[in-house]
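Below: one structure in structure tokens.
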Amino acid sequence: MGLLSLATFFPLLGMVLILFIPKKNISAIKIVALVTTFLSLVLTSYMWSQYDYSLHGINMESQFQFVEHFSWIATYHIEYFIGVDGLSFPMVWLSSLLSFLAIIASWNIPKAQKGYFSLFLLLATSMMGVFVSLDFFLFYVFWEVMLLPMYFLIGIWGGPRREYAAIKFFLYTLAGSVLMLLAMLAFYFNVTDPVTGGHTFNMLHMFDQNNHIGLLKTFDGRFWLYIALFIGFAIKVPVFPFHTWLPDAHVEAPTAISVILAGILLKMGTYGLIRISYPILPDIARYTSYALAVLGVINILYGAFVAMAQKDLKKLVAYSSVSHMGFVMLGMAVFTEAGINGAVFQMFSHGIITAMLFLLVGVIYDRAHHREIDGFGGLAVSMPVYTGIASLAFFAALGLPGFTGFIAEAMVFIGAFPVYRVLTIIAALGIIITAGYILWMVQRVFLGKLNPKYENIGDINTRELSMLIPLGILTIFFGIYPMPVLNMMKMSLNYLLTLIP
Amino acid sequence: MSNLNSIQYFIPELFLTAAILALIIVDLFLKRKQKSIIAYLSAAASLVAGFLAYQQFSLPATSIFQGMLVLDSFAIFFKILAAFSTVIVVFISLDKFRETAEYFILLLIVTLGMFIMPAVNDILMIIIAMEIVGLISYVLAGIHKTDLKSTEAALKYMIYGAVSTGIMAFGFSLIYGLTGHTNLYDIQMTLASGHVNSVAMFIAFMMVLAGLGYKIAMVPFHFWVPDVYEGAPTPVTAFLSVGPKAAGFALFIRFLVTIVAHPSSGAADTFVQNVDIQAPFLIAVLAVLTMTLGNFSALNQKNIKRMLGYSAIAHVGYMVMALVVFNKDAFGAIMFYMIVYLFMNFGAFWILESLSSKLGGEDIEHYKGLGYRDSFTAVSMAVFMFSLTGLPPLAGFIGKVYLFAAVIKQGWLILALLGVLNSVVSLFYYVSVVKAMFLKQDDELAPIQTSLYHKIMVLILVVPTLVLGVYWSPVIEFTTNSIGLFFGR
Amino acid sequence: MEANQILFIAIALLTVLSAAVVAFSNKIIHSAFALLATFTGFAMLYVYLSADYLAVTQIIIYVGGILILIIFGVLMTHKIYSTTKKTAHNSILVSLLGGVLAAGLILFIISLNPWAANIAKDFSPTTAVIGKEILTNYLLPFEIISVLLLGALIGAIFIARQEDKEK
Amino acid sequence: MIQLNSFLIISAIVFSLGLFTVIYKKNAVGILMGVELILNSVNLNFIAFSKYVDVHINGQLVAIFIIVLAAAEAAIALAIILNIYRDRANIDVTQLDEMKH
Amino acid sequence: MIQTALFIWLLPLAAFTIQILFGKRLPRKGDWVSITAIGISFVLAISLLIQALTHYDPEFVVTASIPWIDLGSFKINMGIYLDNLAIIMLMVVTTVSFLVHVYSLGYMKGETYYNRFYAYLSLFSFSMLGLILWDNLFGIYIMWELVGICSYLLIGFYFEKDSAANAGKKAFITNRVGDFGFLIGLLIVFTSLGTFNLSEINLGVSQGMLSGGLLTAAGILLFAGAIGKSAQFPLHVWLPDAMEGPTPVSALIHAATMVAAGVYLMARLSFMLSFDAMLVVAYVGGFTALFSATIAITQNDIKRVLAYSTISQLGYMIMAIGVGAYTAGFFHLVTHAMFKAGLFLASGSVIHAVHHSMDKIGEHGDPNDMRNMGGFKSKMPITYLVFLIFSLALSGIPFFSGFLSKDAILGGSLAFALAQHNPIHFLLPVFGFLAAAITAFYMFRLIIMTFYGEPKKPKLFEHIHESPKTMTIPLLTLAFLSLFFVYTIPSINPTTGEGGWFYHLIEKPVSAVSTQLGHAVYQMTEHAEHLAHVSGLMISIVLALAGILLAFAFYFWKKIDVEALTEKIKPLYLLSLNKYYIDEIYNATVIRGLLIWNDFLSWFDGAVIDGLVNSTAWIVRNFSVLDGLFDTYVVDGLVNGVGSAVSAFGKSLRKVQTGQIQNYVLGAVLGTAIIIILTMI
């Protein structure tokens, strides 16, 4: 078993271990969860240190790193084929990091800890799996496996409307992913393996236009398959009309799960589009790019506007995710180096920032037991450290220079402007509105007269700091010097652009 | 092949018949307390029969008993499946029918019917085989003589079955009239020669479909399903939803690929229709109707058994969907799905059966908070539910993948689309059970103690559901081989 | 018109009309007796079809067996005095809808006259042939149906049996 | 010479009447009679075809078996009906609605 | 030199880092860290200036850069661009910043978040210096945003006050509106030229790779950033509110440095402004100068008067850039930085005194309100003295620095107007001169109300004391820097700075805009400048003196009854007092509209979008009912509906129920029949 498999399946191992620990032994359960996710993080970090920046990945197996390639179901040409490149590795690393932090964030889960942690570890494995899979079938399996633990994690440990939120999340994403299933099967039957001549689930073979036959030779076939895939991914992103599961799921989910949802799950949609839709159907990607850009702009503005109207802090953050994912969509719709790198960097950066935001909301919720923005006020007096970190995170979300979000957004703008001028200008309005809702929220929560109810509210504690500070450092570090990540991405993404007509 | 020579190919059935007779005799000597011996013996008998059938797997395909039956691996596959489902049903029923020896004997007779059904090669044999399964099933459905629901189910089943069989028989008589043969191959030859009126053939085909459709619970012949499934004792329902249905599918497939279509050349993957009727499109429409109706009707059910009844219709829809393409992939997919469906469906029914007395009923309501009362069972139930929905990494998903793959391969994308959308709908009701078990915590209810027997049974059913979702190569190879010989005759 | 044909028409009328009585009669016992006429009519039609053995079997099994069974059924499920009582029916028009549709479709097929061949065979006694066939070509159905009968026997007895007191 | 169609028409009519009966009668035994009519019409078809269409007499043999099946079916059906009657003192199928929707 | 510049730039960052992490635990809450850092920067800046003076080369430029983002074809290099402009700007910023740091020692003493204050100051210094030094627009934009956030943090320093929190937010968001334009401008530049580097942009523009309407658009959009940051009309609304921040902050950020960043930016970019863009710049600046001056007349809050005055003066500078009086504009930036910072600090001194006095007598009032003051001259002599010097400088009275620069601008605008063939452009000098007069008037109104006359509240007056040395020394330093000869050395001509070192070091850059018009603007203005100089000089002195006299007439000698006059022109008065209701208009339109729009969208999201999806779910869910209805009404309905036509209607209604086996049979039969019939058709 290679490093990558180890990193991916470590959490699953932890889950199996936990299943054998008696229900009462909560601390042992937690420690197993912590250790396995930590080991996974250590492994991915080690892999980063070993990462070869000169390989571009995307559509050549030799260009991927940490590849493991075995036959799984030989009769159906399903393979256990994993590997990383510049597109996936940042996400892999991010998911291992956030899994670890989320375990810390879930330390005080009130009930059914055994179930919680085992489901969480399953979730962690499936997330990593999605990002490392290079076999479409494997990808799909991981993609769907994610739904089950997510459903329970929201549904059992969530807020008051958890059942509704959980089933909504489940149904939406399932509806999307079954379309993907169809598209996947259609690809399978319309792609030949150049070596064996049979059909294949190997993504890399699908990327090679020479291997396409039948349906994939026709424009209509390609177009509708692209749409099916797109809807599958779009629901996850979530793209504008499909986004309504997100606020509900985020608001009802426990803190750690919101972190994972916003930090990793949303990225899977755009990741899938770039990883799968673009290389398989580059012409259609180009053909529909304007629509994607328009949707991106709608996401940006719509998310921001609706965020401004929210009264619930977590909902505000949730809608801000809608808005921020719009930048990813805009960036990837333009096929310029700056645009697509910006988009993927925004995925990475939003993963860090939004994780911070949800953790912060969680911190305050743990203390005040509500999230009404207007119910707070003047918290800067009673919780100075918390306020400091929160301002950092919120400024990062607002796209302030010095933080990763700024670089990503700027790159998206720079990339998009030459292609879609008017759209970019409209999208840039988003920066004003974002500043508006974030500052307004900051003012209502932290500034002004201290609400006497919260005079003696405790400031942030060490455990909470320990999960926020690494993220804060990351967002500042990569905000000042993004090249370690960008170097990785640019090889792959610039290469990807050459595949798009 | 002459009758005498055929006997060597008929050993499993002969064994079963002998076992039935032996059990009837043994039953006479048993005291009431000892009646459960019959159960074990019947399980053993069907197990042995299944094993004997498996022994025949490598035999070349032959037609036996003067063309009344054929012996090919396709038939053997379904025989094994039938034997296996009987074994499981015996264990599911063990508690409830401990003292009712007749039940197990009847079960074995149905098993015999199910052994014959996939192998038939003559109109008469079709009718007889279906009647064996049918008639005895009526009795099984009504075996709770004092239960109003059970007897009502039996009567409804009986009336519906009798009429359907009657219509089917009439359809067969027309086919006989159209071709002058009762042997399926002869019919095929005549049809393929192309002198048969397609309109008349189509109407006859539809009449036959009434009987076959009733057996597999396809719209619009599904009406009996919810009532009978709800009314019949749970083990019987479980049995009806798997065993006879699988045999029905085998029969349906054989009917389609001999009477409606024939292999285009030798052992080819593709089939040419014998008569110019719009069978694929018709089947597609019926499949969509079947799954949609099944799913949508299941949505608001409060009784899990009835819900599973409706959902069984939906699953038939998925399987019928694959039939539109008339090829190896489709039949392989259906066979694979049958295996998967056997595990997950029996699993769900077993939990339903073994917990109904402890929980006080079979409504979703009763399952509230089960996850906190008996987490092992609840998790297993969740696994079955999700597998039935078709989520990876569970067996149901793989099953569906094959079904959808079969139709997508031939370009029936819209059909597949409707299929997958249906499985999204199905999530809603399957998950409602899960929701009740896990999302509704009720601290007042005490934990449930379940027997070791219960746990082992669950384990036996849940492990394949999980494992087949991750590694299914041997099974798919088995099914593919089974088809290979079917066409290689 | 030959006498043969006239007789045939008479038999056909008997069969159809008695079947109609079975269907439309308000009293279940009338239906039962009309059924007797129908069965007999069928037996006579079989004679016209040179199926002598079948005609006899029809009389013996249907009239002698099944019909008796049905009449038993009628009697056992109705108190004696109420056998003549009118039985309730479903809506006749709707029921007719089903019947007429079926009739229409089948008559449509018949009107197409698509049958394989038209080789009216001469009469020859069939009993020996049937006997031979049953023990050769039809041996398997013959054996299988015996199992079926056995099963039906067990089942019917099990269902119809009065439950033991202790249960 | 009597035509094949004459038999077929009789059979068709009886079949339809049988179907009608099944739907029309509320009495379970009445429904059973309808089923018998259907089976008889099937038999007539088989036998007619066996005379006019088939070189063998396969139709007649099928008919024999169908008669046997009909007998078995009648036996079981009556057993079930009897059982229902015992439970409810009534064999009106329209009143069997313990389960619906 | 690059290294020196880097040190100047990065020292405050180091101070900030130390302060924010450990500030609380350091002795004296770490104020010395920040002061030391900025002090060293200040000294280094002096050394740079000395080097510049010794070189005495107007063309002096050094640059150095390193790659920052490199994506193949998309590259951004970050580096330092050091020329005379930057060196002088560094000097200004470090000077004011250092003095404000020192001043705050006294002013901010005892504040709860003392360390945080210094941390923010350091961060601000860092960002501002970066803005000056960076060699590319992207870097400037980054720092632009950072100074914005510092401004936000410092305005909202007293965050417990709602007004302060509001003001901070308002400042940031208003600035963001300008930044939006800035960003688009940046994008246009980058799209056309593929670079953010200033010299490369210059090269690109002169090669005509960016020209015509797009160039104008780029110029105007970049100017939009300046409009926001330099508080030009219509985005000026944030600056007066920004006075909620501590007074040293107002002096540093909202008078001397950050607000001047817009001017600095325009100066930096003047090479790429097309003629149309310059016209826009000039008019916005000119209008703002007059417009806000008229508001300043009626304000009673001492800091607000200064704030509007700042806006007005910034308008001047912007106008100067617009009319091509580049050097004059930048000159005014420098002089204005000194005396306006001085004015704020001096007013801070007054406020400080009033505040303490109020504390003593236990009164809770607005320490900024001039109506409570009067006669402070005797109590606070130093403050009074410096205040007077600053005011004279601001009013443009000879022998003070303001005169030199303001006069140059007025002359420049006049020259511009003279050079143009369109008489309408005389509006610009008219704006300028009127504003100059009004400036003198309101400044002396302020002085009179504060320092002359009888104390309005004697009790309060009793406790007024001169401020501590940490505050007065910076004031005196700034006062010194407001004297004319500081800028004219080696010449000592009090009427013009043209002979001085400043004019020598700063030369108008050659426009890179290649159109005929672009060059023409410069040349003609240059030519007209001499012509306009003398007349401009005379008019401005006269007007300034007139303004001062009028102020004395109104408020000191009371020759004219202010109240009566006010009554007479009430509408005008109110208009001015309420700042032309601009805030109210924004509130009523933009903000309210936005909030309503948001609420609408939020509702839309919940009700329509979600509803749409949910309603499909509803339909799906109810399809089962539909399915039931199908059973009930279609299947059974066929059964009973037809039947009811014949038999009794009521009876059949009861039959409307499923669970009827015969309906099932019929359903199957009908189903089959329908399929057959449909297929055959």
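Per-chain numbering from 1; labels A, B, C, D and E assigned in written order.
Criterion: a contact is a pair of C-beta atoms (placed from the backbone, for glycine too) under 8 Å apart; a residue touches a chain by one contact, two chains touch by 3 or more.
Not measured: the values here are computed from a predicted model.
Novice: Work out which chains are contact partners of both chain A and chain D.
Specialist: Output, common partners of chain A and chain D: B, E.
Novice: Let me spell it out: compute each chain's centre from its C-alpha atoms, then which one is farthest from chain A's centre?
Specialist: So the chain farthest away from chain A turns out to be C.
Novice: When contacts are scored as defined above, which chain pair ends up with more C-beta pairs, B-C or C-D?
Specialist: C-D
Novice: Taking each chain's centre as the mean of its C-alpha atoms, which one lies nearest the mean of all protein C-alpha atoms here?
Specialist: Ranked by how close its C-alpha centre lies to the overall one, first comes A.
Novice: Can you tell me which chain lies farthest from chain D, using the average of the Cα atoms as each chain's centre?
Specialist: E
Novice: Which integer distance in Å separates the CA centroid of chain A from that of chain C?
Specialist: Each chain reduced to its C-alpha mean, chain A and chain C end up 71 Å apart.
Novice: Averaging over Cα atoms per chain, report the distance between chain A and chain B in Å.
Specialist: Centres of chain A and chain B (C-alpha means) sit 43 Å apart.
Novice: List the centre-to-centre spacing of chain C and chain E in whole Å, with centres computed as mean CA coordinates.
Specialist: Going by mean C-alpha positions, chain C sits 101 Å from chain E.
Novice: In whole angstrom, what separates the CA-based centres of chain B and chain E?
Specialist: Inter-chain centre distance comes to 77 Å.
Novice: Do you know which chain A residues sit against two or more other chains?
Specialist: Counting only residues that touch two or more other chains, chain A contributes 171.
Novice: Of all residues in chain D, which are in touch with two or more distinct other chains?
Specialist: 8, 15, 18-19, 22-23, 26, 28, 31-32, 34, 48-49, 53, 55, 61, 65, 69, 72-73, 76, 79-81, 83, 93-94, 96, 98-100
Novice: In chain B, which residues are in touch with two or more of the other chains?
Specialist: If we look for residues of chain B contacting two or more partner chains, we find 124, 128, 131, 135, 138-139, 142, 145-146, 154-156, 159, 163, 167, 170, 174, 177, 180, 199, 203, 227, 428.
Novice: Once the touch criterion is applied, which pairs of chains come out as touching?
Specialist: Every touching chain pair, ordered by label, is A-B, A-E, B-C, B-D, B-E, C-D, C-E, D-E.
Novice: For chain C, which residues count as touching chain D in their complex?
Specialist: For chain C paired with chain D, touching residues are 4-5, 8, 12, 15-16, 19-20, 22-24, 28, 31-32, 35, 38-39, 42, 45-46, 48-51, 53-54, 57-58, 61-62, 65-66, 69-70, 72-74, 76-77, 87-90, 92, 94-96, 98-100, 102-103, 106-107, 110, 113, 115-121, 126, 129-130, 133-134, 137-138, 141, 145, 148-149, 152-153, 155-157, 159-160, 162.
Novice: Tell me, which parts of chain E touch chain C in their complex?
Specialist: 638-640, 642-647, 652, 655, 662, 665-666, 669-670, 673, 676
Novice: List the residues on chain C that touch chain E in their complex, please.
Specialist: For chain C paired with chain E, touching residues are 90-95, 97-98, 101-102, 105.
Novice: Help me check something: in the complex, which residues belonging to chain D touch chain C?
Specialist: Where chain D meets chain C, its residues are 1-2, 4-21, 23-30, 32-34, 36-37, 40, 43-44, 47-53, 55, 57, 60-61, 63-65, 67-76, 78-83, 85-86, 91-92, 94.
Novice: Mind pulling up the chain D residues that touch chain B in the complex?
Specialist: The touching residues are 8, 15, 18-19, 22, 28, 31-32, 34-35, 38-39, 41-42, 45-46, 48-49, 53-55, 58-59, 61-62, 65-66, 69, 72-73, 76-77, 79-81, 83-84, 87-88, 93, 96, 98-100.
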